[in-house]
Amino acid sequence: MEALGAAVGLILAGDGELLSIVGLSLRVTLMALALACAVGLPLGALLGISRFPGRGAVIVLVNALMGLPPVVAGLLVYLLLSRSGPLGDLGLLFTPTAMVVAQTVLVLPIVTAVTRQVVEDLWAEYGEQLRSLGSGRVRAVPTLLWDARYSLATGVLAGFGRASAEVGAVLIVGGNIAGHTRTMTTSIALETAKGNLALALGLGIILLGLALAINGAAFALSAAARRAAAA
Amino acid sequence: MRATPSLLPLALDRVGFRVGGDWLVRDMSFSVAGTGRTLLLGPNGAGKSVTLRLCHGLLSPTEGTVRWAAGQPCPPGPGRHAMVFQKPVLLRRSARENLLHALSLAGLHAQAAGERADMALERFQLAPLAHRPARVLSGGEQQRLAIARAWAVQPQLLFLDEPTSHLDPASTRAIELALDLFRAEGTAVLMTTHDLAQARRLADRVLFLHRGRLLEDRPAAAFFTDPHTREAAAYLRGELLD
Amino acid sequence: MSLTRRVLLGLAVAAGLAAPALAQDKPFITVASTTSTEASGLFKHLLPDFTKKTGIEVRVVAQGTGQAIQTAKDGNADVVLVHDKKAEEQFVADGFGVRRFDVMYNDFILVGPKSDPAKVKGTKDIVAALKAVEAAKAPFASRGDDSGTDRAEKRFWKEAGIAPKGDWYRELGAGMGQTLNTAAGMNAYTLADRGTWLGFSNRQDLVVAVEGDKKLFNQYGVIAVNPGRHPHVKAKQAQAFVDWLISKDGQATIAAYKIGGEQLFFPNAAAGS
């Protein structure tokens, strides 16, 4: 009850700090999602329709990476971007860019794995017809992705959920710097550490509300479009 | 697209196809030329669909050769050969967009593809359905759209795999009428069916298959009145073959 | 093909949305510091003043002292502000830091449940108190994260001649606030820095049990990272921050920070080192 009050209070106050935290969370997560989709959708589709030795092992690896602990992903990106690491000269550690990279690492396996499964199933249905129309496998990728768009949306939303909910990776590579790399989840961790449990939970409620709003919008859009395409 | 030189005749030379230890097609030799309709007949499991797919290039023969006049392996594609499947596979898009997709694969520019698609919709009485999602069309409409799609890419040889087996008589009639368009334009047709009455209506020539082998290759009239093999005679009488 | 274009367009829009977040304009330095300074709210009080005067933005990464020093050693921070004098001096001696300055101190306190099963409430001697906790096998929550507070706690156990072990001694591997939350949840004793304690809201039954021992003195030091070791560090701005912290102005700002009328940190830069 106290938490709900804190959540409502935060929203009503229209607090600038809260807005910037929410904004940063959304921007980092959406950018990571966009990058993961740009790579994961075609990669997953190719994996779904190609046959090569070791394909099974690659699929198992991608599926297993869906369970990569965020802290491990964060640590890997940290070591990569640290001044003492291979990409240290870029000076990206403790920046939103580093957080985008870490979350991309987390989301990519989900988008890739879901795409692989969905496209593989669709290829079973479309494969002969597309080959009959003279489409090579690579040329079939955009066709399959477009026709699988409603099923893929679920995978993309799962990726969004993973990115927006995780704290371990962004904490390590972002550093939870106030006003710079502080997100919803790292704020929640910090407020918990300060013993402000009601405020922490209030932030959690806002995060949950955002997730509900985004998923609800995606669901409504997809349902409307699906009706139109009868897919 | 018609710039492609004539691909016909298509010649199969002792073609065999094996899955695991079973030969689904064995020692199959025939050729297809000209503009007529050749029907592949035979009981279930005779190898009709496999033969079509071997011709179309969706399957590769285990032994023997499938050769086109050009001498080279000739993958399916626009201006060459097209196929209509038993159950039409349509993309999750509108009827017109299904045609546009095929035409884009054929390398047509947007404007040319649009004109060609509209022509196909017109020819096959699909114009009122152009913007309907393809997958909510009736079975007959879907199959007509699949045939319109095959027509749009101007094949020299059209394969049809039991195109009317799921359709009611009215839709079947519409498909058979649609096939007349191909005949009028000089496109050769190689088709399978289980419907003997349909075979009698359509066939110029019959290839009779049984257990993966070609038993008869005859002009249609001769085949239906005077089958040479015991199996074909039994098949025409509607008896069960083993 | 329009489909591909549409997808690319969507990605471009998404990337555009994210881009403003990544723009960097103002000059800034990165300070590796401890969870105690961050959670106590000191930085929130301190930094706007400095930024207003110098135009330099300060980005604080709050970690345990051990991790903060490692962050600076790896070249990922320009300044380190922590509380483990021995480790700080080693950091400078190893060539990672320019020079160490005392900044301020507060003190550690032993907090514990009101019921006080070890009967230490109101005593002053931290070493004796820990002995009593061990004797009573009263639950004790240890940070266990190699932070400055954790290192201090380990020192006190050593002085008490005890290698704490057993069901009652719980190593959490957590920051100060997290450890206080846990201690409150299981009515355990724990060593805390006063700053975090004063800023901490979820005390439940916890109260201050032991305070005032000279040994509990908790000195904070500040060091600019050596540009000779890490050429990319912003040495000038880093030194400006260090100089301001130990200046009269900076020291007064530290002294002015209070929670509930109680001062959290006591500036002592004049003492130097």
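Order of writing sets the labels: A, B and C. Residues in every chain begin at 1.
Going forward, a residue touches a chain if its C-beta (ideal position, glycine included) is under 8 Å from a C-beta of that chain, and two chains touch if they have at least 3 such contacts.
Being a predicted model, the structure only gives us computed values, none of them experimental.
A summary of chain positions shows that the Cα centroid lying nearest the centre of all protein Cα atoms is that of chain A.
Centroid distances built from C-alpha atoms place B farthest away from subunit C. The chain pair A-C and the chain pair A-B differ in C-beta contact count, and the higher one is A-C.
Measuring from the averaged C-alpha position of subunit B to that of subunit C gives a distance of 77 Å.
Each chain gets one centre point, the mean of its Cα atoms, and the points for subunit A and subunit C are 32 Å apart.
Each chain gets one centre point, the mean of its Cα atoms, and the points for subunit A and subunit B are 46 Å apart. Counting only residues that touch two or more partner chains, subunit A has 143, 146. For subunit C, residues touching at least two other chains, in rising order: 1.
By the touch criterion stated above, subunit C contacts subunit A in their complex at residues 1, 3-4, 7, 10-11, 14-15, 17-18, 20-22, 24, 28, 30, 35, 38-39, 43-44, 57, 59-62, 74-76, 175-178, 180-181, 184, 199-203, 230, 232.
Touching subunit B in their complex are the following residues of subunit A: 125-126, 128-129, 131-135, 139, 143, 146-147, 228-231. Subunit A meets subunit C in the complex at residues 23-24, 27-28, 30-31, 33-35, 37-38, 41, 82-85, 88-89, 91, 93-97, 100, 142-143, 145-146, 175-178, 180-181, 190, 192-197.
Across the interface of their complex, subunit A is touched by residues 53, 56-58, 75-78, 80, 82-83, 85, 89, 91-94, 101-102, 105-106, 133, 135-136, 149, 153 of subunit B.
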